[in-house]
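Got some structures for you, see below.
One chain, subunit A, links the two complexes that follow: it is found with subunit B in the first and with subunit C in the second.
Now for the complex of A and B:
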């Protein structure tokens, strides 16, 4: 007997897709309703532009080259943001792994670094911008620093937590079988990696927030930079397509990480076949 | 007891008076003569005017200029303090009318440098500013005056929020900035080596500060009259330069800008605050030409957003040039 409702429901694929699309349709209809209403009241309204207006403005904007540099602004922005993202996430991830695993494994280091990391993780980066200006140059350095701060502390705490969850017996067993400290670390790394990737995936919205905020602090190109410059002119007909680009990247990264977990660490979700 | 009753009654009367109606939301940001509006309100200079006009003035203050402009263009505020250039560019999406010309900047906007001794020395360096705004307008003018190319001889760098511009300069990360007061005065006071290389005092009447109202605001005339009366009161107090109200005002404005009384005085002198006759004269004789030039500069240098097209014929003066009248309309 197939269940249609309840917690054991089995839904066919077409139904899953349909269910997923409904909220999007609803949101689009709602947007269209309010946009039309505003445009009737004031035909020059720019807060909620119509879809065709966004399409035309954006295709024009993508083709347009900057007057001073001669480059296509949109691609410069895309490049800058993607580079900041990759740099910020990689630096935070690698450093967090290193510090997290050592702090998780050695009580002495744990006692040394965890209190300050716990305290620092509570400081909102946006509140200490004047201090951050002293550490990093305005521009890409600051965007990367912001992403780093958003991600690093969360990941370290999570890694330490996961290391502590590894059964003690297992490490003792490996040790008595002759594994070196390094090999032990590698084994532990393998066991926590999918969990950390999962945690990275869940914390991606923080990264986006940090990137956009960081870019307001003097980055000359970037999706966030452009959005903030255009915001001044209420040029939502270009801002909304920019947001769409950001969403597309975010969704791709999200499912990308999920894909890696499923492929490489099939045991993590218990769906090993 | 009697006193108590009377005060309760008068409070109740005031409450019903205000509760029944009109509230005007004015959004402002950090600039001397906009801080002056805040300060006047705090010093109680507007209390009588609000009662008389039967309308309350609510001020929404942002530490950053662009945020106040955004707040206005999305329709959240009835009025905003803005310059003549930015009314054309940043506020283009919401039809607006300037109801008060406050002053023109006479030193309150400027270019400061950590190491440079003259504008020409900055060749090849970065200059930071809130781009596509008054600061870039001023830089273009300065460069033209010095015989430099505003875009090829230096690299213009964009910073979105003026408070961050100040913080970055403070941190020693950037060396040349174009900004306005109170930040300008604050940074110059930091050490003796920071020099103001050029300022709006070299271009009197270029940057006009004003209070602008949305065209679609309900009770437009009533609210415009309130703004007019409020600013006239502030201008009157500043021009008087002494007295109880003046002292209360100065304390409030120094507090609002985080400066000393002396600094506040210097900054107030950095703008030519119009008297009612000067305002009318300026409006009638100089503003139309100025707005045409300003528009041309904005269009030539792409200050207008990519999607903003602007019709010069849309810039029209009002009919009557009296202090009570409405000034520029941007359609």
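Now for the complex of A and C:
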């Protein structure tokens, strides 16, 4: 019965955890197997460093300070990436909410804004890089711009879509309760907010790609910048832990949004029935 | 009698969607305190007429007046209970009722501030007062126990009760219901009907509702029945009209709901409605109007009275 197709029965938590851990264990074992084999063939192999090698190299790197700034490089990278991430997401989110709700609520503004949004969303951020370097010499701003481009257009389209999905009856009800158009926008925002957070959560991989790509091209500091620099020295013993750090932040943000949706907007998924 | 005694007036209303004529020359008077039932075949135009009275749709030809004011859009003077999506999914039952009270009494900025305070569960005396008032409204429909549940945690009947409380919290002069009870079981329907009649008695509310339940809602609740049916001229559909406008035979009797439904006079009245409005063999031409209510108006273009212009 449990293997029946389309079965939506709840799985016990311990079983869920166990099943979830198996693929990670398998991947770790697989890595260890290949890394050991390569190290037996060549003890100085840099492609698949051993776990202990990665641990020691990373511990050293974290404690190491930059000769010029006197600051710890790892934390400077971490700070730069997190700031770019927060700035890019915040600007894209706030602007998308404003434009999306307005375009979703007023057909005239929709007709004015949506064609250009659709066309601009089709431009790959990488294609405008040479132009940007000609106009200015962007640094960390490039990653913020890339995150903005990766998120803004998708969110605007999603917000417009969600606004259009709000049943007409609810807006009529708001007017019968004495709501103004501004109040209507506010109430609509509250109704679509969990959906927008969901959309943000789904688009996080795009955001990470934009951040790292932007950093490799322009920034002085950042997790992406460091990976790009370390690649020249084939320093996988530090690159892999860096990737792990990026993954940990990404997972934290993902589950953070998930937590907010579940805790604050329990009604959205019909929880607590 | 002066036309000013009517709470709702519909004059020469034509509704045309593209090439399709939906309603033609609708004229209607409704007094305060009446419970008017709109019935008719599916797609005839009952809900369209209701939504024009509500102001959700604007007539290109004709006018609708409520409280002597031309209706320009839905406003707080009119309560509305639709068949579905009658509650806001992001608010609890209490929140749904309180929402109108906040909108009515606070500016946009103040509402934002209260939203912020509610986010951190901070309750000012004003918030407490609004919540107490909303809870009192829920008590009237016996929903106080479910005040902190979200709509998805309530049954269909409970949701409609909250919708009634939410609409009545605004103290509207008219309550419009669009097949509001169609998804409910008979027992729940009966209990909501009793709720509604009690609220109507205490507030002298005018209720207009669209229904298909000729054997339940109409005999139990209405004081007047209006049937909107399609009309044909030489085989061509010329738009729906009010073909039947009749007072409930027991409108002024103080009877229980079940007595009203089971009374032989009501049964005969409903049988006549079914025959004249729903029997395909009954000829619905220009001569088929049964406008026996004292306030009924001819369903042709009429000259507007000066008093309402």
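Methods note: the second predicted complex is superposed on the first by the 257 of 273 C-alpha atoms of A that agree within 3 Å, B and C clash if a C-alpha of one lies under 4 Å from a C-alpha of the other, contacts with A are read in each partner's own complex, and residues count from 1 in each chain.
Note that in this section contacts are C-beta pairs under 8 Å (C-beta built on N, C-alpha and C of every residue); 3 or more make two chains touch, one makes a residue touch a chain.
Just so we're clear, the structure is a prediction, and the values are computed from it rather than from any experiment.
Asks: Subunit A superposed: clash or fit between subunit B and subunit C?
Replies: Taken together on subunit A, subunit C would fit alongside subunit B, as the superposition shows.
Asks: If we overlay the two complexes on their shared chain A, which of subunit B and subunit C does A:179 touch? Say first, second, both or neither.
Replies: second
Asks: In the overlay, answer first, second, both or neither for which of subunit B and subunit C A:190 touches.
Replies: So A:190 only meets subunit C here.
Asks: Of the two partner chains, subunit B (first) and subunit C (second), which one does A:243 touch, if any: first, second, both, or neither?
Replies: In the superposition, A:243 contacts neither subunit B nor subunit C.
Asks: Hey, in the superposed model, what angle do you get at subunit A between subunit B and subunit C, Cα centres, nearest 10 degrees?
Replies: 150
Asks: Once chain A of both complexes is superposed, is A:233 in touch with subunit B (first), subunit C (second), both, or neither?
Replies: First partner only.
Asks: According to the contact criterion defined above, which of subunit B and subunit C contacts more residues of subunit A?
Replies: B
Asks: Does the superposition put A:67 against subunit B (first), subunit C (second), both, or neither?
Replies: It touches subunit B, and subunit C stays clear.
Asks: Return first, second, both or neither, reflecting whether A:128 touches subunit B, subunit C, both chains, or no partner chain.
Replies: Neither partner.
Asks: Could you state the shortest Cα distance, in Å, between subunit B and subunit C after the structures are superposed?
Replies: It comes out at 43 Å between the closest C-alpha atoms.
Asks: Considering each complex separately, which residues of subunit A are in contact with subunit B in the first and with subunit C in the second?
Replies: Touching subunit B and subunit C on subunit A: no residues.
Asks: Applying the document's contact rule, which stretches of subunit A touch subunit B when the two form their complex?
Replies: Per the touch definition, subunit A meets subunit B at residues 42, 44-47, 57, 60-61, 64, 67-68, 129-131, 133-134, 137-138, 216-218, 220, 225, 228-235, 237-238.
Asks: Over in the complex, which subunit C residues touch subunit A? Could you list them?
Replies: Contact set of subunit C toward subunit A: 54, 56, 73-76, 78-80, 82, 84-86, 88-90, 99-100, 103-104, 108, 111-112, 115, 150-153, 166-167, 170, 172.
Asks: Residues of subunit A touching subunit C in their complex?
Replies: Per the stated touch rule, the residues are 167-170, 172-180, 182-183, 186-187, 190-191, 265-268, 270, 272-273.
Asks: Touching subunit A in the complex: which residues of subunit B?
Replies: Contacts found on subunit B: 66, 69-70, 73-75, 89-90, 92-95, 128, 131-133, 151, 157-161, 164, 167-168, 170-174, 216, 302, 304-308.
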